[in-house]
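The first chain written gets the first letter, and so on, giving A, B, C and D; residue counts start at 1 in each chain.
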Amino acid sequence: MGDVSISNGLTNSQRKSCWYEEEIEENLRWCFALKSILHTGASQYQDIQLLDTKPFGKALVIDGKLQSAEIDEFIYHESLVHPALLNHPNPKTIFIMGGGEGSTAREILRHKTVEKVIMCDIDEEVVDFCKSHLLVNKEAFYDPRLELVINDARAELERREEVYDVIIGDLADPIEGGPCYQLYTKSFYELVVKPRLSQGGIFVTQAGPAGIFSHTEVFSCIFNTLRQVFKYVVPYSAHIPSYADTWGWVMASDNPFTLNADELDQRIKQMIEGENRYLDGQTFTSSSTLSKAVRKSLDNETHIYTEGSARFIYGHGSNACKQH
Amino acid sequence: MGDVSISNGLTNSQRKSCWYEEEIEENLRWCFALKSILHTGASQYQDIQLLDTKPFGKALVIDGKLQSAEIDEFIYHESLVHPALLNHPNPKTIFIMGGGEGSTAREILRHKTVEKVIMCDIDEEVVDFCKSHLLVNKEAFYDPRLELVINDARAELERREEVYDVIIGDLADPIEGGPCYQLYTKSFYELVVKPRLSQGGIFVTQAGPAGIFSHTEVFSCIFNTLRQVFKYVVPYSAHIPSYADTWGWVMASDNPFTLNADELDQRIKQMIEGENRYLDGQTFTSSSTLSKAVRKSLDNETHIYTEGSARFIYGHGSNACKQH
Amino acid sequence: MGDVSISNGLTNSQRKSCWYEEEIEENLRWCFALKSILHTGASQYQDIQLLDTKPFGKALVIDGKLQSAEIDEFIYHESLVHPALLNHPNPKTIFIMGGGEGSTAREILRHKTVEKVIMCDIDEEVVDFCKSHLLVNKEAFYDPRLELVINDARAELERREEVYDVIIGDLADPIEGGPCYQLYTKSFYELVVKPRLSQGGIFVTQAGPAGIFSHTEVFSCIFNTLRQVFKYVVPYSAHIPSYADTWGWVMASDNPFTLNADELDQRIKQMIEGENRYLDGQTFTSSSTLSKAVRKSLDNETHIYTEGSARFIYGHGSNACKQH
Amino acid sequence: MGDVSISNGLTNSQRKSCWYEEEIEENLRWCFALKSILHTGASQYQDIQLLDTKPFGKALVIDGKLQSAEIDEFIYHESLVHPALLNHPNPKTIFIMGGGEGSTAREILRHKTVEKVIMCDIDEEVVDFCKSHLLVNKEAFYDPRLELVINDARAELERREEVYDVIIGDLADPIEGGPCYQLYTKSFYELVVKPRLSQGGIFVTQAGPAGIFSHTEVFSCIFNTLRQVFKYVVPYSAHIPSYADTWGWVMASDNPFTLNADELDQRIKQMIEGENRYLDGQTFTSSSTLSKAVRKSLDNETHIYTEGSARFIYGHGSNACKQH
């Protein structure tokens, strides 16, 4: 085995002999050449891996699903955090449902007005894993403004009395029977989230795949559910290379969202420390202007997430509502 | 082998035991479950396959690279064709460089004003293969307004004397040493394309990957080269799921592009037969509003494609400039 | 996409862009480059595919498990058939349990003494599929000495009164709860098979993987079960490249197996039409001389397949006992 | 992403989301689920990886080719070492060409008569890598009877004057133009190896794949070359699961090999410390009794490896003759 004439030919494929493989959906695979498997762990809820991949750098993988990749997680996290905080006149207190990875807190803490961030994730092991291994978020984890709570986000919001300027949902998708479903229902938004928003407060949530074909999985329903509860609802999306898809977010409030691209750029300059890598005024204009097909199905979406509509799947061994 | 207890478990993976695999880039693979391999062929320039894939339907594969997939090729072809034709007051004559697949012609022929379409592809076998196997384009191939020419696009444009209202580049990317490089150079645009455009004519070309990381491969250089030659240049992009990336196009003219989203929608109603599946006014607004990072590197791009700058790689066995 | 400089590099991988992939066991995959997917079908019991693979030629795949490959199925079928028939003084009547592929019948029918072969397979679609697509077995399927019966092998043997000189088990492995389990039990051998053997008759069965690690799955138990029922039992094995493993068979009778390598070679000359590609005297000596580890675990095996010992798994949707 | 309902389904595949993939030959892939990538290194000649795989345990991979796997390397190394040493009346001095992994030395050092072992490998980094990471061989590496030399095996044998009772070739296959080719030629055996063998000395070499299809690559030619030089030549083979093939060795001497299975078992008891896991008398009988097809092509092989017959391929960047 391995004479030079072959091995020369293989030196290249040798460098590619280890792969991370994910089934994005049944019948579709996405494979990254692996440099190394940095850390592996497990919580009572989930398996955790930190991989070093060639195309996307360090990748956090939970239960075999890529959560975020070093080279493009900023697209996801800047999109999740900044539009809501920028549209709030003076965001001081923020509540994160999930977000144990720390990147959402990192982006929030760049806002000069922010005084207090509650990060409420149910999985302590995941939080500890990210805290020790994701160096890019180390500073955020140790920021005095951050309060880390290990609990179910719904229980925590119900328990607490104070209100928040912005509440951010950084949770797994609302698959019926899934652990987070109940954190995407109309009654949850009405009875738990809205009461915890301060006057003029804003709610924003990750909203699953938003591609031309994939947006009907959950994106359109999250949008339609939120517009039952809030006066103003803004869906937006961005292509995230490591997800091999366009991703969606929905921002909602009872105050109108009035900033145009230029005003958004000014507020970015005023409010955010450091330079955004992804989001600016024009980027958000593009992100929040959906393509024809997606726009139409959002307009026409009639499904609303309610406890009733959830056909809970039994035997899931876990009701953990995981961080995204 | 194969008792039921195993095979039940496998019935699912059995349905997924055949895969199409493409290396999108070194270290990154994209794999589709296969229903069947419908047709395979070869020309003097290229290997051709028509596959039936589970996630993306029928897929045309040339030399191991996906060219277009049934379920989303409309995104690519509507984006390539309609913005240019809609921005022209009265497009009658169109010249396609490449486009042997037939989908570009199909979209052009939906425009009521169009009287004549020249499709100039160098690879007769590919054209014949698509003509007989891509039923969705059959009508276009037999449209009396279509004139099919088998020739090198540059030679053909030089040979001809008449001018065209719109010239469309539907060719492989301008990899230096690649077969199409010379069809993306400043001198080609200046000395061959521009003279063949009628007064107010528009040139548009596919421009390679335009993702947040991939846009520097060729997209920014094509843009920068075209802005040396034309007064008005509009780069735009769209995520194409089957490509696992965002794709780019650049439209150029010496007349300004003035239509806003509503005007675009009106012209679509007036000029195009049938309903667009992808493109409308807002979609184009979004597509042509590039995200911060892409916008910045396009602004700052200094590289210009010139014959000089091309380090031609020898021994390529083919100078064929393939259809996209 | 697809410029020459890339496509040249890819022409090779292009020829390898379609793959058949099988999970030999959890954590172990075996992948063949695909030329084409020749035929696909389905019966009430199983999914059927005939693939054309680059490394192993045409491959019959049932429920996602390779059944046999053109280039090396002769190893499996010569090993299954010839040792038993050669060790019988005058084999006239043969009963095949399963064997719907036709290759087992093909090898049997090469024996000059054979007057009648019953092939009893439960899955008519599989039989028809192989009959029409496996040209190498066409002659066998149309041999007047072959009687094809579509039935459960146990029911058929119980129904019939005549006896056979050789009974051959060409069935799926005895996975407990699997469809064929009951065709490998002590009681089946004692009460159904043995009574249907003529004086001096021989029973032989495929016996699953027999590799240094895999032989404990079923090979050693089949051996141990048969030695409870028959006076003389000979286990043997051979490496089959397309299975990526060594495979096993067990031959049993109440008459001793006395032929040495030279005598076996003589009988091959006398009794078999045409030339064996795999089996001869020395080959069988090697095959039936097991390596230390395998020999030891066969000697020490205590598990016996009994109806009682089978923990039947419910909800299998099928009790079909498939051909191997 | 990653809700429980999906993640449960994936927990399993999650545990299988990282894979080692090897192209055994063009068109044929062999993939192992990965637990972790333990160590990676590189020498001036080769890339080195120690992987922890699920199906085969720790695996040493050099230039993308599996060299040996924890769970079955004993088959390869016991087969390489013991038949030769057992057939020698009193093996005291042994020379290993290659063998830097240390497993060959480990097996040799189990022989009570052995007083001195020279391990001559050209790649110091590989030797150091294995010395520090392959714990199973640690004892061997520190055995006072082992003398480690970093040099080209041919140069070293030519340099030395003493003779050896057994010389063992544990090198890459003799691919023409490959680094080891010249260590498999008739002239090398005649002019370098044979003069370094003591009276009654034995030479043995790994001899590449020996499967029913793969044995013609090099196995039959090594056999045929050795029978030009030595009076008695014994080819033998064994299936090695992690190689997905049957592997071959050839043993040669001017003294006859006379031990039968029982005598071999007795000498194993007398001469070898500890228990063999693979090799015993019957195992060797089976291994050295080749199947019909392999036997025939060895008998009929006419190709002889000579310097002349080697069409050296240039530009290999390395003339390193690697350990197997």
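We adopt the following convention: a residue touches a chain if its C-beta (ideal position, glycine included) is under 8 Å from a C-beta of that chain, and two chains touch if they have at least 3 such contacts.
Remember, it's a predicted structure, so these values are computed and weren't measured experimentally.
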Those chains which touch subunit C and also touch subunit B: none
Inter-centroid spacing, subunit B versus subunit A (mean Cα positions, whole Å): 33
Centre-to-centre distance between subunit C and subunit A (centres being mean Cα positions), rounded to whole Å: 53
Junction residues of subunit B - those touching two or more other chains: 19
Each pair of chains that touches, named by its two labels: A-B, A-D, B-C, C-D
Of subunit D, residues touching subunit C in the complex: 12, 16, 19, 25-33, 53-55, 71-72, 75, 211-214, 238-239, 241, 244-246, 276-280, 282-283, 285-287, 289-293, 295
Subunit A residues touching subunit D - in the complex, by the definition given at the top: 1-8, 10-11, 13-15, 17-23, 34, 36-37, 40, 45-47, 49, 51, 61-67, 172-175, 177-181, 243, 313, 316-320, 322, 324
